[in-house]
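By written order: A, B, C and D. Residues from 1 in each chain.
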Amino acid sequence: VSVRLLESLATTEELAAAFGDEAVLEGMLRFEAALARAQAPTGLAPASTAEAIASVSAGMFDRAAIVQGARDSGTIAIAFVSALTARVKATDPAAADAVHRGATSQDLTDTALALCLRTAGAILTRDHQRLSRALRFLSERHRDTVMLARTLLQPAAPTTFGLKAAQWYAGIAHAHEGVSRAFADAAVLQLGGPVGTLAAFGEHGDNIARAMAAELDLAWPGVPWHTERGRFAALAGACATYMGALAKIARDVALLMQAEVSEASEPGGGSSSMPHKRNPAGCAVILAAAARVPGLASSCFSGLANEHERGVGGWHAEALTISEIVQTTGSALAAAANLAEHLSVDEDRMRRNLETFRGVVFPEGGRPEDCLGSAELFRRRLLGDDKR
Amino acid sequence: VSVRLLESLATTEELAAAFGDEAVLEGMLRFEAALARAQAPTGLAPASTAEAIASVSAGMFDRAAIVQGARDSGTIAIAFVSALTARVKATDPAAADAVHRGATSQDLTDTALALCLRTAGAILTRDHQRLSRALRFLSERHRDTVMLARTLLQPAAPTTFGLKAAQWYAGIAHAHEGVSRAFADAAVLQLGGPVGTLAAFGEHGDNIARAMAAELDLAWPGVPWHTERGRFAALAGACATYMGALAKIARDVALLMQAEVSEASEPGGGSSSMPHKRNPAGCAVILAAAARVPGLASSCFSGLANEHERGVGGWHAEALTISEIVQTTGSALAAAANLAEHLSVDEDRMRRNLETFRGVVFPEGGRPEDCLGSAELFRRRLLGDDKR
Amino acid sequence: VSVRLLESLATTEELAAAFGDEAVLEGMLRFEAALARAQAPTGLAPASTAEAIASVSAGMFDRAAIVQGARDSGTIAIAFVSALTARVKATDPAAADAVHRGATSQDLTDTALALCLRTAGAILTRDHQRLSRALRFLSERHRDTVMLARTLLQPAAPTTFGLKAAQWYAGIAHAHEGVSRAFADAAVLQLGGPVGTLAAFGEHGDNIARAMAAELDLAWPGVPWHTERGRFAALAGACATYMGALAKIARDVALLMQAEVSEASEPGGGSSSMPHKRNPAGCAVILAAAARVPGLASSCFSGLANEHERGVGGWHAEALTISEIVQTTGSALAAAANLAEHLSVDEDRMRRNLETFRGVVFPEGGRPEDCLGSAELFRRRLLGDDKR
Amino acid sequence: VSVRLLESLATTEELAAAFGDEAVLEGMLRFEAALARAQAPTGLAPASTAEAIASVSAGMFDRAAIVQGARDSGTIAIAFVSALTARVKATDPAAADAVHRGATSQDLTDTALALCLRTAGAILTRDHQRLSRALRFLSERHRDTVMLARTLLQPAAPTTFGLKAAQWYAGIAHAHEGVSRAFADAAVLQLGGPVGTLAAFGEHGDNIARAMAAELDLAWPGVPWHTERGRFAALAGACATYMGALAKIARDVALLMQAEVSEASEPGGGSSSMPHKRNPAGCAVILAAAARVPGLASSCFSGLANEHERGVGGWHAEALTISEIVQTTGSALAAAANLAEHLSVDEDRMRRNLETFRGVVFPEGGRPEDCLGSAELFRRRLLGDDKR
């Protein structure tokens, strides 16, 4: 089991795995192998180093020792590199000297994080597409389903459920542009050496970086970015914005599902004390995530003022915080996709609720259907079907 | 005076004015005039309404009454519209009926905020350019100024001050892309009517919106966005990321300015108790802003889950919070531009400090100049002078 | 007008005044007068200095110049002291030398903030008592008003409105203990001199501090606290906790006021587009505040790591942030008191809603009244009427 | 291994265990056993139920199934209760019916969290005492060690290292009062049944709660607190304040440890690329934690507005967030205790640095020793040795 009981609502099995120990160790191993391989043609490292590293697997490491090493040195990199070097030395003493040559801890951990983020980003994209499809389907199906629009939780005027679902769709679609861009920007190699000059590689620095990036299928931004952590901050902000769009859906559904309203309901869950009860459990998962992400994003922003060529503390917490933001957002997204795919909509009740408040909603007369024209125009635009 | 004593460090005169009462009232007046003018050709409002509104000026409003009205109704729009209507009625009773016709409070206040943000965005862009120029100048001038790179606040290896300044430059340049995009995305008209369907305008809704947008020089996104507040969240996140890039500069300068280091110093300020003392006051302004913006951004993210067609509370705080984020970031930016334009750099001291720690920095020999090659390559790339 | 349009929902006239320019200037003047007076017996300052300062009033200062001074030096203190000294010099040159003697900027601004907080704290306490009384009254009056309890927004089982109101009461009562304690802890003199040693006063330091504290009616904690900002952080945390208790009330009321539920309604406000509509405007004010305070509190916490004997930036933003936290919480509190005093409760509708869901709520039979016994016991305990 | 690589700096082995799956399961088992045992004398449950529960151990549960159950229902309680009931049924079918009788999910999970917090609180108290002792020792030893006080990172005037250490001591001592109080307040039983009325227990509710509290060594607050989450918010605020006091120490030490200053150094850690380098790794752990806790605390505050008798989402994230706040603070505290116990102080260098800036610090003459009198008075007060 990789998900803990207390974090049940804040991640999923696959997202927890994307940032789990094995993924992190694999990422670090891939970095070191690529680093050695890229140096071989330059003569800076023997070809055997890359081979020796390639024969080491994540399962071979004493993870508790690496954790302890991180507490002693501020980074998991040092104990990892030293264990890796020892392992290489055991099979090929000549190859050991060149392990991690020219790189610094942050090169290793930042690149490993970039690799984890790529895996996680793909999961979020997949679930975003599921959610998008489900919302589009709801919107199409209910393009003529007239219902009560509510402002400040009071009956206001008629709208359609098709328009409401299209607004949910557009909310996540717009926010996802930011998320996509941020994940793409974060899929970059880190390579700078001790102080971000790649001095140890002499004239070969740029070529080594290119070769590594190609092997790891990451971009090489042309420069190290040890203290330029804007990529992660932008990702935090984009996820927090996306999270807000999911939370809007969940809040609406939880309100529509109230027994007194009963216009829609999600699959939901039971109760330990009242077996007859059906709870908006999917909404709870999403709204719980929404309570967490804004604060986590602010932590990322707070850590940006890193001192000189590598800061003390600001960035040290970043990988954990970013991984939590992505997992929490992704957990809410998975719940939202499930919710949207199984949302049941009660058209009759929508119509009846509207009739009940006819006196409030149409003080000067009017018919529910009067809203259909403009609602449909906007609905199609929100779905992107009508170019503006 | 528009800036209060307690907020001295968190805004500037011109940014405070951009979000001040007069600007907000002007924005609301422009919205109402544009709304009436756009309706005239459709016959929904008489041409006289727009004219009558155009003759009203911001100074004519009882601002205390509008503030009180906001506490009673949750929005400044209602008391404003009612005062405006009364004023129009006094000169042209027939024109009064059509004031605010078809629109809702949020149309008015969101559009007014968009107009304020455009003004503020231009200020930030101007100061960003000042800061960019100053940093580029520093980087060029000191391309060969060798200095100690420090990681975790310890001497690490040689670098150049040119590279350090280029990293500052790239930090804000990269972050500014996000800020620019977010300000552009926020320069949009809001128009949806009571529940976001523009039902009251019948077939004319879209044309009215287009005409208004053209007059106000805002974009019309094709749909209302009453509950899709992602634009503001994205702006909050982008400002917070940019703020982090400014804070990094301030922290570095404050550290370089320590008497024990003395490699650079900013104009600074005095002390009330120690006249001989010169303080990094610009850094203090920037770092004070950096303590505020992440939390403010999280407030924006927290407010996104708005109920149904207009939420209760979530978005009600947004205009204030967004205005504070922009003002605080802009205040720091102004201080940073000033700091960078007047930063004095002590090349001799940089060289001397490097020599002092030669034993630490070059345990196996080596010369400071060894870093120049790769430092220069990266420096030029960071400035965008060398395509990667 | 002291409240700006954009901050209408985030403060009140009297709270804005408590932290307004005049209050801040008055506080600083009182500090300087007390400082001079306390030094007179020791011979460190002539008696005339205190008298000269006492003749200066807040209105005499060029506030724009002080704001500009703050941007130049990081603090409003320097320009203030220099203007005050000039003014004293004009009437009594001999007295001018001793103005601010032995003190530092932070002594002045921290003490002025403490004085502002005392004023604000009294306002919050008064409104807390109003709200408490109103909730107690509601709870007593509705001790037998049976209604539907709802969990996860679903009908669950019967409860009483008296118990619900008592839970609201206990929520703020418990949180107010923390707020009270924090305001009391913050009502302290700051006096440390340049580096927190009071060295300039020789053996008189402690006596001067005691005398000043007595005159200003503040506590003297026995030591300066320039870099120990825990008092403000604790106040931020206590306000955020109290804010949460207010938000819980507002959320419940907004939900009860839904037309489909209609069990209670607040005075509310109108709509700019739908005159027939009554909105939960008080709830909107409270929930808007609730979106702001958590982020502002995190800003306070983020600023605590101040360097050495006076930090760069961390604490510089604190006075503004604290003043916003207190004003925003106080604004919500004032709205909540108003809401509770005018809440109308529909007992019949409560009973009817309960009957409607009888099949859900009593799957195995049972009567609404079965809840009365334990509900009443807990209700009385929550009100503090039954010792546990 | 219970600590993951990415969270190495944000917890310790023992703190991770305090909130780990086993601890949570144990806590839930203890709750259910106590609940059954307390009901036996009333006849509501057979004595055999408690016995049967007591024979179940944490290791018997399928944790993955409980995690999945939480995603389906919003809480780990339902799948846990159902697995427990099945297990009891297997050995004693008659006993199974009474498992969890009268309680609700939140009773179970809140009480389990209270039990976890008690364990964690004891760990924090122990480490706080270690840190306090070490700081007191440093302060005593260096009562006469004159050094440069620095304000805004500039040389200001003389102070003693004894006074600086005493300020660190007082910072955590003051903040710890809040932490202690908050942990004590959180050590309470939750028991309310489905809607917080304990209706199912008839007249026995209070006695059952008392008996359970006694068995679990928790307080019974006399009432359920399903929606009154102020205890956790207060704990979050107290931890964030304490975290700030730790961060202040770390920032000071990292600055003192700069090679250019060299007045103190912590045990520190190495570098993966520069074997000669010694990094302030303890400071990095502490400052990384300081970047996380403020945002996490704001998440707690954001979740307080829970709907009616049990909210949707607000509180669902709370247990995880609180556990992270406590672990992160505790991780920093453990690092700080270690740092303080091993801090090496260079008195000669302190003296020399002071001499270097004599011209700046004593513009009008004066001797370093002039500060000793008042510094010593304040030092003793800060340590609590001199009653104020």
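The rule we apply is simple: contacts are C-beta pairs under 8 Å (C-beta built on N, C-alpha and C of every residue); 3 or more make two chains touch, one makes a residue touch a chain.
On a predicted model such as this, the values are computed, not experimentally measured, just so you know.
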item: Contact distance in steps, from chain B to chain D; value: 1
item: Pair joined by the larger number of C-beta contacts - A-C, C-D; value: C-D
item: Of all other chains, the one whose Cα centre sits farthest from chain D; value: B
item: Intercentroid distance (Cα basis), chain D paired with chain C, Å; value: 26
item: CA centroid of chain A to CA centroid of chain C, Å; value: 37
item: Chain C residues counted as touching two or more neighbouring chains; value: 74, 104, 150-153, 156-157, 194, 250, 254-255, 271, 274, 279-281, 284, 287, 290, 294-295, 297-299, 302-303, 312
item: Residue ranges of chain C touching chain D (in the complex, touch as defined); value: 74, 104, 149-153, 156-159, 163-164, 167, 170-171, 174-175, 178, 194-199, 201-203, 205-206, 220-224, 227-230, 233-234, 236-238, 240-241, 243-245, 247-248, 250-252, 255, 287, 290, 293-295, 297-312, 370-371, 373-375, 377-378, 381-382, 388
item: Chain D partner contacts - residues on chain A that touch it in the complex; value: 1, 3-10, 12-13, 19-21, 24-25, 63-64, 66-67, 70-78, 81, 100, 102-105, 108, 193-194, 250, 254, 269-274, 279-281, 283-292, 294-299, 302-303, 312-314, 316-321, 323, 335
item: Contacting residues of chain B [partner chain D, same complex]; value: 150-157, 254-255, 257-261, 271, 274-281, 284, 294-295, 298, 302, 353, 357, 360, 363
